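We call the chains A, B, C, D and E, going by the order they appear; numbering starts again at 1 in every chain.
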Amino acid sequence: MAMIRTCVVTKEFEVMHDVDLAFVNSPDVSWYWVDFHEPTDEESDLLASFFRFHPLAIEDCLEYVQRPKLDFYDRYLFVVLHAIAGTTLEAEEVDLFVGQNFIVSFHKSSIHAVDDVWERLKREQDVQQGPFHVMYRLIDKLVDDYFPPLYNIEDVLNDLEENTNNEPIHDIIEKVFDIRGDLSKLRRTIVPMRDLLYRIIHSDRLQRMKERQLYFHDIYDHLLKLSEMIETNREITSDIRDSYLSLNSNRMNNIMMTFTAITTIFMPLTFIAGIYGMNFDYMPELRWKYGYFAVLAIMAVIGIMMFAWFKRNGWFQLLKGDSSKEERRR
Amino acid sequence: MAMIRTCVVTKEFEVMHDVDLAFVNSPDVSWYWVDFHEPTDEESDLLASFFRFHPLAIEDCLEYVQRPKLDFYDRYLFVVLHAIAGTTLEAEEVDLFVGQNFIVSFHKSSIHAVDDVWERLKREQDVQQGPFHVMYRLIDKLVDDYFPPLYNIEDVLNDLEENTNNEPIHDIIEKVFDIRGDLSKLRRTIVPMRDLLYRIIHSDRLQRMKERQLYFHDIYDHLLKLSEMIETNREITSDIRDSYLSLNSNRMNNIMMTFTAITTIFMPLTFIAGIYGMNFDYMPELRWKYGYFAVLAIMAVIGIMMFAWFKRNGWFQLLKGDSSKEERRR
Amino acid sequence: MAMIRTCVVTKEFEVMHDVDLAFVNSPDVSWYWVDFHEPTDEESDLLASFFRFHPLAIEDCLEYVQRPKLDFYDRYLFVVLHAIAGTTLEAEEVDLFVGQNFIVSFHKSSIHAVDDVWERLKREQDVQQGPFHVMYRLIDKLVDDYFPPLYNIEDVLNDLEENTNNEPIHDIIEKVFDIRGDLSKLRRTIVPMRDLLYRIIHSDRLQRMKERQLYFHDIYDHLLKLSEMIETNREITSDIRDSYLSLNSNRMNNIMMTFTAITTIFMPLTFIAGIYGMNFDYMPELRWKYGYFAVLAIMAVIGIMMFAWFKRNGWFQLLKGDSSKEERRR
Amino acid sequence: MAMIRTCVVTKEFEVMHDVDLAFVNSPDVSWYWVDFHEPTDEESDLLASFFRFHPLAIEDCLEYVQRPKLDFYDRYLFVVLHAIAGTTLEAEEVDLFVGQNFIVSFHKSSIHAVDDVWERLKREQDVQQGPFHVMYRLIDKLVDDYFPPLYNIEDVLNDLEENTNNEPIHDIIEKVFDIRGDLSKLRRTIVPMRDLLYRIIHSDRLQRMKERQLYFHDIYDHLLKLSEMIETNREITSDIRDSYLSLNSNRMNNIMMTFTAITTIFMPLTFIAGIYGMNFDYMPELRWKYGYFAVLAIMAVIGIMMFAWFKRNGWFQLLKGDSSKEERRR
Amino acid sequence: MAMIRTCVVTKEFEVMHDVDLAFVNSPDVSWYWVDFHEPTDEESDLLASFFRFHPLAIEDCLEYVQRPKLDFYDRYLFVVLHAIAGTTLEAEEVDLFVGQNFIVSFHKSSIHAVDDVWERLKREQDVQQGPFHVMYRLIDKLVDDYFPPLYNIEDVLNDLEENTNNEPIHDIIEKVFDIRGDLSKLRRTIVPMRDLLYRIIHSDRLQRMKERQLYFHDIYDHLLKLSEMIETNREITSDIRDSYLSLNSNRMNNIMMTFTAITTIFMPLTFIAGIYGMNFDYMPELRWKYGYFAVLAIMAVIGIMMFAWFKRNGWFQLLKGDSSKEERRR
């Protein structure tokens, strides 16, 4: 739903919504906020024709997708911010032009944080704060919206670590790799946003915002925590993956070893049976009364001895119940 | 057990405990310490209503879990510290507001170090030191409490390295991965605390604490040592894991090779027995007097030659006693 | 097609193309651009004999391949830039000498970006801008040309991740390693170019370009984004490779385990058949009326029990349809 | 052998050994060195009661084991150094208090470097140098003693790389992991010592030592070289381990493949023998005159063809002598 | 061939070779170069007795092997440089003492670059340049000599990547590990040399060399490129190794799977043959006229069905010609 929303605060602290764009420059206006919401090409042209912003800044708005950044122009700051789309975790760009008496926001998709701040401003009628306060509220809300997907990932990882659902290893590995991909996506948004806030806090040219430094520092704290959560969770994915792979390979090896040991035990027995299955005319043992039982006894002795020897050397791990314990645990 | 504890030092160096909160601002009071211990929501409200601390700082107190940090407000420092819960190794937040004549501590769970410092202060009646000394004692004690869990991990790793309990590889790998997780948890607490102490030591705005720099440097030394211990122990876990996995895979391979060699030896022997088990009318060898014994002899020769050849090429590693040596060592 | 192209702007803002080289130093000339396009050795000698550039700079032009860099000489800047050859992704050097009233470009192969800027200048007749504007346009175009190969890699990686073409693992691994090599090549060009732009933006000696800083910053943004895309894509290649290798090894193991389990089931059955194939004179079972059927029944019981036990323990993974699901997905 | 050694230089440049401790503060004394050698608790108390050193510094002496560091107190430097115990490669702490006219050394175990410098000072009677020269000589000697264990490791690694002793892979891997552990231990001593020397060289507060900077720089060079040797040798251990593991796994695979190929060849042959071992009444082939020989011939043809096919495809790697070559090389 | 070479330039710009050492300090001499070429111990003593260089610098000359570095003494610079021995790629030390009117070079082995510069100086009679120019020429030549071994490694890696010689995997892995070792050796020389040149360019105390900065910058460019080549080639070795190992393991697995599938097919067939080889008195099938042919038919059906099922599931990868394609490619 393409549109341009306007919000104007007059010098008498009256708040007016959805006024005509031409009215914003009237001398009665103390400050205004214009929001480009999924704009059409004609609406986007207003950035140049009406607001006369710098061509490089406009290019950054129209060209998808810029990194988060802060540029200083003569009359205004130009800020590029990133929201995170709830389902895909892709970054979505929000551009702000912030001057002394205006803020212009521009975004090609619907952004939850922008709508939220717009609606609160309407309700609260908090008119004295001005453009820089709106910018603070927008960034604060955008960053608050980064937490839910990350908490969600932490929950999934916790389940995987305990393997509460007893999933097959194949699905666990798939999930771990999916989560790694999601963490990389989030990091690509969060780390440049963190660096942008660092720049905002430490910029000499933002002296006029110094009284707000405490507030931007609060956002920076959140971004620091978010980026640490990402690194921590990436580490956890590696550890889960390595742990599963090595335990699984260990379990596989134990099974294979047991199978192979069984085969190895029957090999000489089958060979002995083969010998007495030969059709030679003169094979004295075949004529003995208890030859058959003697051979059965010898086979039993050989089989039991091999079994005992293998068992003593630990080559029947999975008969000890280890494997079932593994299956219970993971 | 939710409560607010008060400790007041009067201008006459008298120490009073559990006075009414309203008394702390009396002109007779030289300095005071108020401790919020697992506070109820009503008690927490006092941070704003009674002490009039900054909303951002209060938000940090109430919102779990902030990173360790130091914020400068006009009348006070705001410090976020982390204790380590003994059993889970999770970080627990302790917040301090430190002004010229007061210290307010806030923690949602029972913290051993806070109780310890509170009790000592009661006993020692060391009244002249003031709020900054209490802050130093609290941090010093919190950091001292980081050592026991780390020493504990070092002991477990030592046992694993020697494998004194002769545990199966599966359990060793599980333990190693558990320890890696614990080390990551500890690092998430210790590294930001180390950086916080660095900031305390090097902060220009803490000139009033410069006379205490030596003491904070002593804590910083401990945190440096702790963070080095963590990195060292993480490295040891990787080495133990890699070492076990490669030795185990080597041992597995040797066993499988031996089994397979046994199978390979019996294969041609069984085939020969199969040949003379065939029922053709005209098989001259079957009629020979000593055909049976000749075939037995040929089988013995083939079997012994294959065995000797395999052995000479080192394909019976585990018959050399290597594997038992391994089992003894690890 | 070796050649030297000239473009001259007179003091009357007249633009002349392909004038004689000697004319460029005429007092009527406001500024000029000379482009050495795949020059012959004789043409290259003009750098020293006609333009009298510094021997070290000329050596850098003639010697293949210099890193991107910026050197300050008295009368001019010397800039080494890299284009990326579309098919091989190899770096191709473009050297610029930029003075107050001249720009000399030198490149041993045909560079698309140089031709593009040259043609536009001809069309646009944008004569007032001068040498530094040409330099900006050249760098901007060179960097824009880095994007298509990187977008191409992103598309291939996307296909590999989904494995839409259902390719065998062998081909996937080959492609992933090829892409890693291509990303390394691109990084070797892009990272030094990024550092060069950083130097251009922050150089004190480029004060005369300060009014252009915004424009160079725009290029720097692109290079930052490019270098982040490279790191991201390298990470994705590792994850794809690790994921395929571990899933494939898991699938292989499942197949091998199933095969081995089948072998293990038939081993005792074949042994029993062998026993009753022996030719002893006195084997009472052979004389029983239903001995044959009893043995068949026993065999069936043993086989079914082993099969059931193996199945219950999860040793027939691939009979559960997992493997076919894998083949569909990847 | 607990003791306190004293060495006093009088204002007349007379050197006196083993004087009473009380004498060191006599006005005749130009400077003195007191060495606490495995001190008893009573002797350790002298640090506080006699020398009146700062409690934090004394705590560092008594508490094992501090990191190498340099602390500035009003009357003296406090330096923590590490010696390396020859056999265990564990760090051993040496603490120095260095003032204008005294040096006090403290160490809980016998340190070769301290004894060495003490004995040389006795012999050389080099009395004019003073406490800072003793400190330089002690550090220089301590660092020189780091080289022998590292050269020893380099020798062992060299042998392992060539495998001159033709050791089994299991022992090589064990040794490589042991060496990695030793290198980590050495690094934990050498890197903080290197950083300490860096601090000594660059400290503003050590201007009085500036004339000695060249000498401390010489020690710093050695520590730089030592830390580079450690990184290099760690890299070599990884490469040796990776190389052995991959070559060994390759060799194992070749052996297993050969065994499996042999089994695969005999499988159909044994099956054919089984067919003609069946006891059907009507099996015409059994009645043919040369049926037996025909079957033998068919078996030979099948066996030889399979063998030839396998060999042509390279599935008998180990029959080509590769494996014996490997055993010779490694 | 131990010797000391002398080259003297008089105030009249006359060049004299092989003059007596005592002559170099004559007032007629403008500047001189003395080269210690594989010096005997007596000749080395001249560094102290004749030239009176600082003991620490002399110690660095005599003690093998110092890291590249630059030390400032009152009358001279002391520079330690590294040449690379062509065959072993080991570092060889070249020490320079560079004063206002002299340069003394010292090297324990024959260094190609020193001889080359010495001979050119003889030929060119380029007498006005002085000691710092000789130092520049020596460093430039030493660094130029680093390129051939690195180009050589790049060629070998290229061959390995294409596997033009179709070498067995075992040899490829050995070569890759050898090249990694060579790259590490080169890096140990090139990186400290790069840092040395950085220090030369940025040193405040080398203002007298500022007019030469352009020239030293040119050498620094080469060292930057060399160190990037090393990192790039190290990365390539990892990628080649990983790629070969994973492709080889994939190929091995395919072969083993095929072998195992063949064994699995014959297992039930051999079992059936075994059944009808039993000697029970009452086995009705044996009496049937076409029992034998019926069993043969059943066996054929079972075998073909299993083969078809295995093939459909992709368990006969190597019969599809993949393995031969692999062998052709690599």
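The criterion applied here is as follows: contacts are C-beta pairs under 8 Å (C-beta built on N, C-alpha and C of every residue); 3 or more make two chains touch, one makes a residue touch a chain.
These figures come from a predicted structure and were not determined experimentally.
Path length between chain A and chain C in the chain contact graph, taken as the least number of steps between touching chains: 1.
Setting chain D aside while the other chains stay in place, the touching chains still form one piece.
Comparing the residue numbers each copy contributes, chain A and chain B share less than half of them at their mutual interface. In this entry, chain D maps onto chain E through a rotation of 70 degrees when their C-alpha atoms are superposed, rounded to the nearest 5. Between chain A and chain E the centroid-to-centroid distance comes to 40 Å (mean Cα coordinates, whole Å). Measuring from the averaged C-alpha position of chain B to that of chain D gives a distance of 25 Å. Residue positions 256, 260, 263, 270, 274, 277-279, 283 of chain A each touch two or more of the other chains.
Taken as a contact graph, with one node per protein chain and an edge wherever two chains touch, the assembly forms a single closed ring in which every chain touches exactly two others.
Remark: ring traversal beginning at chain D, heading first to chain E, gives the chain order D, E, C, A, B. The touching residues of chain D, when paired with chain B in their complex, are 54, 56, 59-60, 66-67, 69, 71, 73, 168-170, 173-174, 177, 180-181, 184, 188, 241, 245, 248-249, 252, 255-256, 259-260, 262-263, 266, 269-270, 273-274, 276-279, 283, 285-292, 295-296, 323-324, 327. Across the complex, chain A meets chain B through its residues 214-215, 217-218, 221, 224-225, 228, 232, 235-236, 239, 242-243, 246-247, 250-251, 253, 256-257, 260-261, 263-264, 267-268, 270-271, 274-275, 277-283, 313-315, 317, 322, 326.
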